[in-house]
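Two complexes come next, and they have one chain in common, chain A, joined by chain B in the first and chain C in the second.
Right, the complex of A and B next:
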């Protein structure tokens, strides 16, 4: 994915120039206004059907954010994020059924446990990069999905797994007491998602973000600059898994009944496609990706159009993004750099020759 | 623990499944070596071909025509993709090339779900005439489709191996696997060789789609994403050796099916390809596989 990072790279390369001073205030105002609008006005304006859809958007914006951190910041592609989401949802559901702990604690616990497990999934990243890393995360996701299909999601049963196969009456997963209605739970999810975005931004704008950018551009150069590659790669996986785990917890309360069929391995592939379409290199991209992934199907369903058209659109979108995106400079393999240099030299020579001919 | 007799039938089905995995794996490895593309749409084109064959059989056309169209369709779509998207992505990271084929997968998957909808709970099946005839080895019933599965797997591995070793086109493919630009400089017709590799991969996708539709299920989702399991064998061989791909595929098929009679593990048997691939990748990656020069190639 490294070489699609062109736009972000040129910006990231000069941390001092990253954000023009006069734009910062405007941007902060826009973000604040949008956040307040989403929090207060949106649930009033929308029907319950779309409030539910927007709750999913809030949840999946966190999932897309987690993948965006890995792909856009560090240049590591994971094809297993939906499996990580499933882990988060499983852990949260288990804790919610077993205890009466307050919801924020449950979300944090789900995030923390998922962080540990998700970082294990990220361990291969220390040894491999690019294609092989993507494919091994796909394999691990496949394994996790098969495992979860077999153990099932907790439904109020007893024992460690909390699954009661013969249960006729399945209790719904509880919601926070302050947010039991759908619009209230939507607001709750928006706040949680906003906190996750702040957390991600706090990482990106500070030391880890700079280390990730260096690793993305060249691991050798980052190593030479004294950056602990092992630490920062695992850190990225830990952050992404934490965010995704919290998203899983929010998802458990949103849908209230969880089934392993809801987390197929192929969804991780679709997720990557949509995140790339939305733009993996900015935080806004995560929101765009979530809207594409969750709001569009709801809209199409409302209009009676098959969601398959959306799948086709995503396919075309991925091809379009990958073929027309500018050739990146980030973490680029030496041959591509050499080729680019050749191209520039060629152009310069030609320009010089043209000038020479004109005189 | 079940007795030996319980395992016997699963050796046959395991070998057959392994054979088809080998067929898919070899197709993926050959294309990857020639073009650097991990063709994730391998399952989708095969699935769509199989669905077309099913529709043609339902319309009363002879079965062999449907199978032929299935293979031709897979080949045509694959070659068309290779010609349109191969060159613009040729210089990009292998990961970008692989993700681009996800685009094709999603398009095909959407079209399949539109045309052959599964929401009504309608189930389809392809039965090859070889399903109902067979023979006995000792006490094990073997049908000809299973024999074909294993035989095609072996045949494809041997033929592809010989092709890469002894023909001019095969040598050109191996040269391109090492360095596309140097091959081009030396006069290898790069695009034509790539087109040939796409064609071969497409034909194998069609054949694999038909066999898997018969042996596993004729279902767009299952067949499309079965490529993830097939990919496991290719990954164990590090996307390089076709002999190793074949061996890995047979092992995956055998382990998968031999777990069936063991009750404690039976429901986990679908995990086999993933675990084997993950372990193999993890162990094998100890050597400097991520060095810049290797990634560059």
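Right, the complex of A and C next:
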């Protein structure tokens, strides 16, 4: 008895003591199980064609994650993320051809350099909002695309640009020695993406995440709470650009040959559409967005349907999400499934009750 | 103590604060006046959202206007807004922790300070519950808690009772009365609810069309003929 009383007073003294919640534990288990399944089982189950598609999904989940931080967390719309991805890929390719540095170092360097350049792209965000910020980032992305078309991606040539226009035999971009096969490189990308998601989560769940939430809802309330809005907006651009730069590095190893036509400016617009569809507010949304952007075209190709239909589909999808589920598919689908489950259970119970009554 | 000297704010041709000079002593001070008198403009000048054309604000010996606006919270300035600004995306705890962590208060435990602020304002819900599920009373109280957490020097409350039913206003009044004692901060209350102002404030200043028309002990100010005229208009009809 004395023991229980002691416990009771401790609880009373800290009425707000945070207990680990059941939901958190369940969620952690689901995430761990999904991660392990993707890492070990998925490459065994899929054909090489779909392993490659899923590698792209892993890469683009990082790109979508970066845009999700900007749009969902801080409320800044950037239409330049594919150009930022191209910068990351360019930097990584250049380092990979020029040096024998280990792959993680190359990815970090690509992330860091892209972070600096991407933050510069974010500078207009300090003065502009909404449509104007979206437009200016789109223009900058266009400028970057033009620049990349002129300088080309490195193909093993010499000099700063590393491009040799007359070379006949172009060497592929190297992969990490532990992940030279396609399934192994897929696993590698999944691990890299998982680390980026952990990095983003570590931001969202702590001080910067709280500051971003305040800025998104009301800049005056954020200022009144002492938040340095300039610093935190640039921080968001830095984080998004870092993640996108790392994704660019991962992409370089995935495709092995890079061309500037692989990064058209309009892809940034499609990216925003799928991020809104997936759900800009949640980390799951980034994965859904990447599946829509990369797996769906691969499936359509496989079935012999033109991937051009996707533009229409994404248009309808954005409309659907904006009108019925502002938090995206990542929020809508589980909620609707839960509702369906309740409905079915209810029907079953009613049927059972009716049977019981009849007997 | 906060000294306002000849504070003037102009928006184009409109002068919304016209040479306002007043001294707020310690405790809870009221600031009243009809709509458009310049009360919120005055708060916006103190917060740094509006640059005055002229004038000086010396708060506890510091020139407030020369400070960058986001640094003023770190110095000890807090405020609430007419339309409450509880952050939907965050929990109750995080809403208040937000003000604490950016105010850079050395040597105090964030967790304890936030929980103390929650119990001071009397929010009766689990600190981990999301704000988007709360009603207007708790959202208001969250904003007040954000204004008192840690060690503020100056707390500005802009119509905190707007939209609250009478019994909630009474509770809020008790909280506001307790702020100077609980935190040691000078509190300035703007509200249209005269019973709330009389209940909370020892002294009150009155603005009308950007001009200070009266200041002093609340009961005297409210009896002042000029104040009644400002609210009700002049009665001389030819």
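Keep this in mind: the second predicted complex is superposed on the first by the 302 of 359 C-alpha atoms of A that agree within 3 Å, B and C clash if a C-alpha of one lies under 4 Å from a C-alpha of the other, contacts with A are read in each partner's own complex, and residues count from 1 in each chain.
Assume a residue touches a chain if its C-beta (ideal position, glycine included) is under 8 Å from a C-beta of that chain, and two chains touch if they have at least 3 such contacts.
This is a predicted model, so every value here is computed, not measured.
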Contacts of A:272 with chain B and chain C, given as first, second, both or neither: first
First (chain B), second (chain C), both or neither touched by A:138: first
Touching partner for A:349 - first (chain B), second (chain C), both, neither: neither
First, second, both or neither for A:220, with chain B first and chain C second: both
Partner chain in contact with A:27 - chain B first, chain C second, else both or neither: neither
Comparison of chain B and chain C by chain A residues contacted: B
Which superposed partner A:306 touches (first chain B, second chain C, both, neither): first
Those residues of chain A which chain B touches in one complex and chain C touches in the other: 220
Chain C-facing residues of chain A, complex: 16, 18, 207, 210-211, 213-214, 216-218, 220-221, 223-229, 281
Complex interface listing, chain B residues touching chain A: 38, 40, 85, 88-89, 91-96, 98-100, 102-111, 113-114, 221, 224-225, 228-229, 231-232, 235, 267-268, 270-271, 273-275, 277-278, 281-282, 285-286, 289-290, 292, 295-296
Chain C to chain A touching residues, read off their complex: 47-49, 69-74, 78-79, 81, 85, 87-90, 93-94, 97-99, 101-104, 115, 118, 126-128, 146
Chain B partner contacts - residues on chain A that touch it in the complex: 1-4, 77, 124, 127-132, 134-136, 138-140, 142-143, 146-147, 150, 220, 264-266, 269-270, 272-273, 276, 306, 308-319, 322-323, 327, 333-336, 339
